[in-house]
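The chains carry the letters A, B, C, D and E, assigned in the order they are written, with residues numbered from 1 in each.
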């Protein structure tokens, strides 16, 4: 294939990666930014979303779009409820102590993974996309669904951005993030905000999972790699910066795609990872973080 | 007596971890007065304010707002009861705009446009800066915003922690002016200060805090006549 | 550190070592073998604790230091035919060199950025192992041949594959690192490390070049972890990329947090706890990860500073 | 005699704000110099520039004849520039002993002997009156004692220039008297640069006073001269009761 | 080992684990006629087989079916009188599909459960990680992994693979068919880890011998979950794409390949490893229609299935589509799991040949296994006849090439055993026992 089309394909692929990554990282960033909790179980909420998407979509017969849409609504709600429960039961009791929450979320990771293995099984199971339309370009074919994932993610990101910057809920969340004590002095129930943020973060991961699951499959170990990438995105973007998270997700997704054009796959991964690490070495506060925190 | 009291603290004990900071502190704020807490760093002034706000749990004693007990309330219910707080160092939500900071104040007790207009009338300067990120305001403007944000609660009781700290004289004058205006409008204020001149020009009464106790409360006229208490408790003169 | 008298801590540590020595003679075979492995991995945790517990730097990349030792020693035997001591030294050197380079780069950052940067470097290291699969055996790994794992002393030789020799070698490494850790922690340098953790800015203003001190800590920590990796390769005969994966960076963190960060014996306790809870529960149910997860959460609820950390805080203030 | 410390055109901007603007400053060995000025006048920024905690936007700092503008803070400490913090920043979770041992062990050259550290620590604690609290955690000390511990840590560095940033803040009257004695004692072996709000302390201690206002030096002179300076009165002292 | 035996925790450990079983067995023995002498009790005590299972981790889908097959085989063996007249008991330990834990599990079998042999491992990194522990414990270690590592003779004398042909042999056996029927210009796509390397290393020479060639090799990093971006690296002149993708991402791989090429695709030849435990009729896999797969044992029942094959399928509990009886969504790993069944019968045969009595006879068991040469097709070996090379501890059998047709896999070609034979690379029997 010629260089131009190859690059186009790599860029498209990169954008799909970015789209899903941005949603998931946004969830992580909220939890990390507002609660200062390093949520190691975030990837498991992602996995749970995918597994539920499979369960819901197979339970609903008829056109695949029906099952998919049901999953898109229900899976995040259920995952949010699970997260809420975990937050009330465990994280709050730990006073959100950073070190203790790492252990606790590792514990959650084990629990969710094991439950998925026991009740869902070790197989990778596919979810039928709501529509399958193959876009025929002069050089190659491309999945229409993948393009719609980019669009859906953009839409959801815009919605999240709107909620965070233009609504009372967003105002309350940001106030809690910047100064939780002062927020309390203005009647903000920080405790409940934390619970909500944790649930919302998990829901964003679940939405990302529902979107991606018709492309890849639901599998009980699928949470780990996206978790690591999300952490990278959050930090590269700069903690608490919505814009940074988005830019970093695009940067990482695209660089992953485009570098693969020039090198053999594993070497490309090495170079892409090293490059992103170097960004952080020379800009420790991330792309859009402020110098001192 | 009670009906003249805006806020009554009695026998308050507070701890930071294992360290006791307040030892049976008693304090009474009359309606419509400016009560100044005076004392050295570490005496317990800021702790007192935080304890009123419920930000530090009190292990003994009571804090009553117009008859309502505050100590049992979760921290976020205290402002809803009508106590507004301007913390030391202003503690604005620096990444947010001026308008958003004010919005948070308004949300606390579901106040609307009218309150907002009143508050902005009090600080007309802020009106031109509504869309500016509050962290980029000058020190004086930040202090105004911090007070504006608190006044959006239309509080019965206002707590001001060192509002003139780090400000230039003209700004200090402006802040004092505002405190005086608020007194006229009936807000009861507790003011933590370290500057004697600030105290004497705006306060009605002064409580001297030392080692977590209220040593003495005196009328400001009395203090003007005999400033020895100031010397005794703070060592300035 | 309230009690400056050194007698109690040293007695405790020597006691632990003596107990482990005695256990060698009474433990049934299985636990004997498992404990040898736990001791080697506890060294990994102790190396991690050096940086995380005492300097307060949370790394998510220590798998690379462990596997630098693992591959340094293992590949020296497999490809170069080096003797056990030479290979062990090679493993340690690899870890020291790698930690120096990583330290210089990663210490430009702090806090969560340090965590992520180290994680990414470790990921690079992991991928490099896969990329050079023709030398490293890739994810499949390589066996360090049994005949090469013999320590020769002139005419006599010690076979590292013999369980007793293996146990004693592991104990020797464990004891050395434990006592070195104790000495470092109680030394002036240890005091500086803790000071950096507590307040780096202030430490600078006492005339300490905190960057160099932190770098030294990264190198010490990396070297200890590499020693653990090298010992693992030589004692257990296998090198593989799974030891470089991110799980093996999270494990020492988990062990240290469970046992108690900034306690000398905590890493051992945490490793022991984690190993046995997996071992025991997996005997009862195939869903043992569920129990492990619940146990972790319960533990952290009741021992928020780890087992030893909480014991020290509540009861035994003199614990180092 | 050559000045111990000189700054030339020293400036530091924060965003658009000129916290310190073009300051030329000099002090002689052995003197006690007080720097006063209203809040926000740039005093702390100025001493932070001298100690190397922050880097200047322009200008230079010369210590004992050597240009130290580009030296990192720790290297300046090693040359003898010690700084005690405005807000107490002792190591709250370490014992009083360890807090002082940190600076003591740095200055020791033999590197080994535990006894030498102990002697040095106890000497510094004796001088500041904290010797009976050696094994307490620093965070459990009263505020005033924490301030003294700060000074003890500064002392233990055996500085040639000791910068004290608002050392009497939060001290009781009796403590302040002892403190004044302590600084006089320190001044026998070191030069002292003092930022202080408490005017009686300044007047009793300082050989000379430098007044900052809006990032610049407004006036400089003996306590008497400063007391008489009406400009200073207006800017700083305000209306006294 | 010089150790005091006064305090033996392992016994209590064992009792705890098998307390109920022990009680039941004891009760049974007590009432059994002829229960007189201790030695007799000893000789009828069960033979213990440690099953190193991938219950968790990436291999869990295989692990589950390996357990089912093993249970079926053990039941069949016990129903027919066990081994040497002794019942067989399987003790399962999870290795988490992790080589470190794998080695620990082997140690646990050797020293705590005191099993007679260890058996059942699939993933090659676990095999390689566990092999040293098995060798040191002198524990016969029968793997069902199909990797070339056993036959490479780089492991040790205690490791055997008598139930499934290794990949090197599989590739060699199939290369002629690929060259003759699929195309001459082959592009390989494989995972950049162990299992992929066997394919990377052995396919090019095997094809070359048939006058075909590998024109590109694309190794996909194991962390990858999306593949489209690598497809442009497939040269345009490619006639056959030879794909091996193991792990949960394989469906993505096939689907993306479909989206990329549409109907205008090169020939596809793949290893069913990719789609083990996955329904071939999953959405997105329509693209595979008409492509070919290697299968060890066919997933779908074939018209010419032997009686033994039918009996085996019934015993394990898979239907004609290779899914669990009663749950058509629970697809088996049919192409590999037969190896568990066959390996256990090899173990039975070798133990009986050796007159195996207990762990002290392990060396004899190794030698007896090495002495085996042929396994005839039948109940014990339902997949087909095999030869066994005792020097390299590896068996060689027939391979199936199946075509995807109407949502089923239909066997279109069976290789001969001779197609897959190669020169041994070493000789385990020269190693000391």
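Here is the rule we use: a contact is a pair of C-beta atoms (placed from the backbone, for glycine too) under 8 Å apart; a residue touches a chain by one contact, two chains touch by 3 or more.
Molecules present, by chain and UniProt name: A = Branched-chain amino acid ABC transporter,permease protein; C = Inner-membrane translocator.
These numbers come from a predicted model, not from an experiment.
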item: Chains contacting each of chain A and chain C (Inner-membrane translocator), listed by label; value: E
item: Chain B to chain E, fewest steps along touching chains; value: 2
item: Most widely separated chain from chain B, with each centre as the mean of CA atoms; value: E
item: More contacts between chains, C-E or C-D; value: C-E
item: Whole-Å separation of chain centres (CA-atom averages), chain C (Inner-membrane translocator) against chain E; value: 35
item: For chain B paired with chain D, centre-to-centre distance based on mean C-alpha positions, whole Å; value: 32
item: Centre distance in Å when chain A and chain B are each reduced to the mean of their C-alpha atoms; value: 43
item: Approximate Å spacing (C-alpha centroids) for the pair chain B, chain C (Inner-membrane translocator); value: 52
item: Shared-contact residues (touching 2 or more other chains) in chain E; value: 56, 192, 221, 223
item: Residue list for chain A, restricted to those that touch at least two other chains; value: 114, 117, 266, 269
item: Pairs of chains, among all present, that meet the touch criterion; value: A-B, A-C, A-E, B-D, C-D, C-E
item: Residues on chain B engaged by chain A in the complex (per definition of touch); value: 53-55, 74-80, 85, 87, 91, 93-96, 100, 103-105, 107-109, 149, 153
item: Complex interface listing, chain A residues touching chain C (Inner-membrane translocator); value: 32, 38, 40, 90, 93-94, 97, 99-100, 102-104, 106-115, 117-118, 224, 228, 231-232, 235-236, 239, 266-267, 269-270, 273-274, 276-277, 280-282, 284-286, 293
item: Complex contacts: residues of chain D adjacent to chain C (Inner-membrane translocator); value: 51, 53, 72-75, 77-78, 82-83, 85, 89-95, 97-98, 101-103, 105-107, 117, 135, 137, 153, 157
item: Residues of chain C (Inner-membrane translocator) touching chain A in the complex; value: 105-106, 108-113, 115-117, 119-121, 123-124, 127-128, 130-131, 246, 250, 253-254, 257-258, 261, 287-290, 292-297, 299-301, 304-305
item: Complex interface listing, chain A residues touching chain B; value: 168, 171-172, 174-175, 178-179, 181-191, 240
